[in-house]
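Given below, in the form of structure tokens, are the structures.
In what follows, chain A forms one complex with chain B and a second complex with chain C.
The block that comes next holds the complex of A and B.
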């Protein structure tokens, strides 16, 4: 109940914030919201079960394609809100099923092998888009959701899409938070700490790992749907290997396992390339063109190294560290950074850096 | 429950909000975006990097050079044309962001000459919804000619079906018994050209049909299969880089068939850039292509464009892309001149729909209220000794029927600076 209230409060705050933004910034916010949902799924997957997925972009794309297919099919016969809902169900289903298949493999693979498998998926995406009925490089288009009549004099379409994207990612992330702080989260941490010990205490690691993969895939799919709402298009070009690695970067920067960190990470991932583009336009054209595209990658690399050296727990840990002495001096034994809040039944001794 | 999560999310969202506390999203401003007393700002998305860059990145530079020439000569209705070029690397995901930035942040008057079928298709609905004039799309897809669905979108290239039909017609006139094959890009481009070829020679008469994807930079399998099928005339619906690759791959296999190439991939100077100045005249000897813009070395337009290229484009290599880019610039300037003293988005679209624009093509523009296609006819060009020129055969294509027509070049007037209609 508390969680729902908090989620609603944050969602409302985010929607209120859209009024302070111009249309392009709102479009970026919508993108960041979609990325946030995916990074939240990824951060829980890596942070709580230690399964490194480098292919979360494919799960996002799967969700996007699922959304586009279902929404386009329903838009012909039903009103747009119904099409949106059908699209979201389609997104969750496609990403969930793909996540399940991946999870089944993941339960048998460890570390680099799983990373390799998921990486191969990203590389295969453009070819898959050509072979499967996914519209090749042109991709699939999704219906444009216009601003409702009652709001049309008040807000622009970008702002409306930002609202939709915020609500979609709230709906994707809230269950994830509940899952993380509940019994399933506990089981995941048990498996991460020591599979044999977990097995001895009656926790079967296989289903836990597979379940975690599905739980991390569905938000990613919904994130893909949110992007499709904002751009009316899903194309393989948008979900390339660079983007997939950026999702991991966002999770690491924010702090593995931390949902708040995922939010910070995704805003950075969306805003930083654009800031650099803008800066590159200010310097002489020739130099700017050479820097453009390369500088973003370079800077991300530098930031990741700096953050992991200075704050291995990510930016979220930094904020917690600043806040703790002032507001919560009476908190019990320090929680490992990036961890879920200590609830009554959780052991305060798990390690996220595996 | 006191947790770090809630506050950090709020902090993150606040940070997002602070990123741009500039303006509100509230719609409903009345003035015409992009038009001030002394400037008109327009924008475009072009592949300046990525797989299509080598073939097409010079187009926007040529257009910008033409606008600089116009601005130096007083502009249009006293306004300078400012041309914002955004790189999308030929990737629809980038086009989405670039075009939104142009429309909402740079507040452009119109999008002019957005390049590419997959890229531009991804912003078509958005531009329609925002009612932004979407002029002279740089692609021959039939998508751009749907006045009922997209009232503000106008094509520029002769459409791919027209090109395919004209190439096939010339092929059967020149070599009635030849085995005809088609190699096409796996999108609207390849499909359109194939449709045109089929309309002329019949679906069963094409010996081999191969496709490729721009993501996969290798044509060995496709060229091998075409060689195996005994193709004699290869009609290519390829972008420049892949035309060069097809010709080069075939030469490596010691195979020298006849190449009939669509205009988007048949620009000799650009291909020579890929194949090398020494080998290109040999490999491309006799290559047949189509064009609808002035291209003869002694043409007045070409002479003017050469001069502008020297003066405003640092003397960059002069190719078909240079002519294409400057012709687009000319057509936009002509439309802007016809849109009146105080142009609005409506008057700009109306000026094009009036059918009074002449452009500078060798066949008349076909714009009208019910027709947003630009050129419905093309002229055949061939390469001889490293020089590409019209052979004098011009076709008009309507409903799959190809008819021979006379070319009607537009004479150059007022030094290539459009004047307001009297």
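The block that comes next holds the complex of A and C.
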């Protein structure tokens, strides 16, 4: 209940913030909201179960394609809100099924094997778009959702799309927060810490890993749907290896396992490249063209290395460190510091259940 | 039939390059128990060095030598400066750091040299020799096959027959015991990285002249395919890397020739998925330690 209230408050605050932004910023906010949903899924997957997925962009793309297909099919026969809902269900289903397949593979793999498999998946996405009926390079278009009559004098289309994206990602992330602090989150940490010990305490690692992959995939798919709402299309070019790595960067920067960190990380990876490219326009044209897009990637790479070397808990850990300077000395705990420990009533259940 | 022979021989040459790159992944895995996701980006730095040296001196061979040296030095530098400082309880920090390194190196190269494809000229002709009316292998492909075979043979000798090879294997297999027996384990890791990156640079140097040209991303696909090779063969097994490399090289060449170039990554993905699901440790891997 408290969680729902908190989620509603944050969502309302974000929606209120859209009034202070111009249309382009609102478009960026919609993008950041979609990315946030995906990064939240990814950060829980990496931080709680240690499974590094380099292919979360493909899960977003799967959600986008699922949304486009379902929403386009229903838009002809049903009113737009129904089409939006159908599209979201389609997005969650496609991403969830792809995540389940990956998760089944992930349960048998560890560390580098999984990362390599997901990397091969990203590289194969443009080929898949050409070979499967996904519309090739152009991709699929999604229906345009116009501003409702009652609001049309009040807000612009970009702001409306930002609202939709914010609500979608709130709906995607809130269950994830509940999952993370509940008994399933505890099981994931147990598996990450010591698989053998987890098995001895009656936690079966296979289903836990697979479940974590599905739980990380569905928000990513909904995030892809939010991007499709904002851009009215989904194409393979937008979900390449560079974007996929940016999702990992956002999760690492924010602090692996932290949802609040994921929010900060996704705003950074959306806003910083744009800021740097705007600044690069000021330098001479030739140099500017070289810096365009590359300088941001260079900075992100350097920061990722620095964060991994110096502060593995990321920005989220930095903030909690400021808030509570006198906590226990930081030992290599699997949970990022400052996160609420799982409630006590869920603990004994892991001993009795299989 | 002619087409088949041509695709087969072309696939073997590609497969030799793949096997070489996969072997470099196997070496670094055996030496330090990490999969280096930055292998492609580091190798492409070496290719840029070779390109610049060839352009300055006019000789392909000086460029080749310089590229190999650059790759080897970069390998040692990354191991000493970066990988050694990471916690090695789990593989995650190493992989994430490697991803950061990929972004730094590729963006740095794009800023320094621009994103365009620069043509690299192979030292031998690329038009195939015709035997009995059937175009078979080009001189350059012969050169690639011979070089790959020589390097793999030399590495096999190094690991199997020399004292250094024994120390490298011991340090990777049982670091604690090796240290007690007087092996300088950290130095072995550095040597492993150096050898691995020199091998990877060689593979990249052999590949780029037959591709579109030199670009910060021109080795990416080789890495993904070589990773598939290393996994199919088992990350622990050099023989596996060789066999799977030739096999996947031929597979990619045949799929590209008979279906389409777009289908090749899908074929590799399908094969990788199938092998990982049926034998998660690879086809040639030794049995892992028991877990429970």
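Everything below uses one rule, namely that the second predicted complex is superposed on the first by the 323 of 354 C-alpha atoms of A that agree within 3 Å, B and C clash if a C-alpha of one lies under 4 Å from a C-alpha of the other, contacts with A are read in each partner's own complex, and residues count from 1 in each chain.
Heads up, the rule we're going with is that contacts are C-beta pairs under 8 Å (C-beta built on N, C-alpha and C of every residue); 3 or more make two chains touch, one makes a residue touch a chain.
Quantities reported herein were computed from a predicted structural model and do not represent experimental measurements.
Asker: Overlaying on chain A: chain B and chain C, fit or clash?
Answerer: Partners fit side by side after overlay.
Asker: In the overlaid three-chain picture, which partner chain does A:308 touch, first (chain B) or second (chain C), both, or neither?
Answerer: So A:308 only meets chain C here.
Asker: Now for A:206: first (chain B), second (chain C), both, or neither, which partner does it touch?
Answerer: Neither partner.
Asker: Looking at A:252 after the superposition, I want to know if it touches chain B, chain C, both of them or none. Which is it: first, second, both, neither?
Answerer: second
Asker: Could you tell me if A:238 is touching chain B, chain C, both of them or neither one (first, second, both, neither)?
Answerer: first
Asker: Just chain B (first), just chain C (second), both, or neither: which does A:138 touch?
Answerer: A:138 sits against chain B, while chain C stays out of touch.
Asker: Which of the two, chain B or chain C, is in touch with more residues of chain A?
Answerer: Comparing chain B with chain C, the partner touching more chain A residues is B.
Asker: Considering only touches as defined above, state whether A:271 meets chain B (first), chain C (second), both or neither.
Answerer: first
Asker: Have a look at where A:261 lands relative to chain B and chain C in the superposition and call it first, second, both or neither.
Answerer: first
Asker: Regarding the shared-chain residue A:112, is it in contact with chain B (first), chain C (second), both, or neither?
Answerer: It touches chain C, and chain B stays clear.
Asker: Just to be sure I read the superposition right, which of the two partners does A:130 touch: chain B = first, chain C = second, or both, or neither?
Answerer: both
Asker: Closest pair of CA atoms, one in chain B and one in chain C, after superposing: how far apart in Å?
Answerer: Minimum C-alpha separation, chain B to chain C: 5 Å.
Asker: Kindly list the residues of chain A that each of chain B and chain C touches, one partner per complex.
Answerer: Dual-contact residues (chain A): 126-127, 130.
Asker: Can you list the chain C residues touching chain A in their complex?
Answerer: It comes out as residues 34-35, 37, 82, 85-87, 89-93, 95-97, 99-108, 110-111, 114-115, 220-221, 224, 227-228, 231, 235, 260, 262-266, 268-269, 272-273, 276-277, 280, 291-292.
Asker: Taking the complex as given, what residues does chain B use to touch chain A?
Answerer: Listed in rising order, the residues are 1-17, 19-28, 48-49, 87, 91-94, 96-97, 100-101, 104-105, 117-118, 121-122, 125-126, 129-130, 186-188, 213-216.
Asker: Can you tell me which positions in chain A touch chain C when the two form their complex?
Answerer: Those residues of chain A that touch chain C are 46, 50, 52, 54, 104-105, 108-109, 111-113, 115-117, 119-121, 123-124, 126-128, 130-131, 195-196, 199-200, 241, 245, 248-249, 252, 290-291, 294-295, 297-298, 300-305, 308-309, 312, 332.
Asker: For the complex, give me every residue of chain A touching chain B.
Answerer: Chain A residues touching chain B: 2, 6, 10, 13-14, 17-29, 32, 126-127, 130, 136-139, 141, 144, 146, 152-159, 177, 231-233, 235-239, 258-261, 263-264, 267, 271, 274, 289, 292-293, 316, 319-320, 323, 327-328, 331, 340-341.
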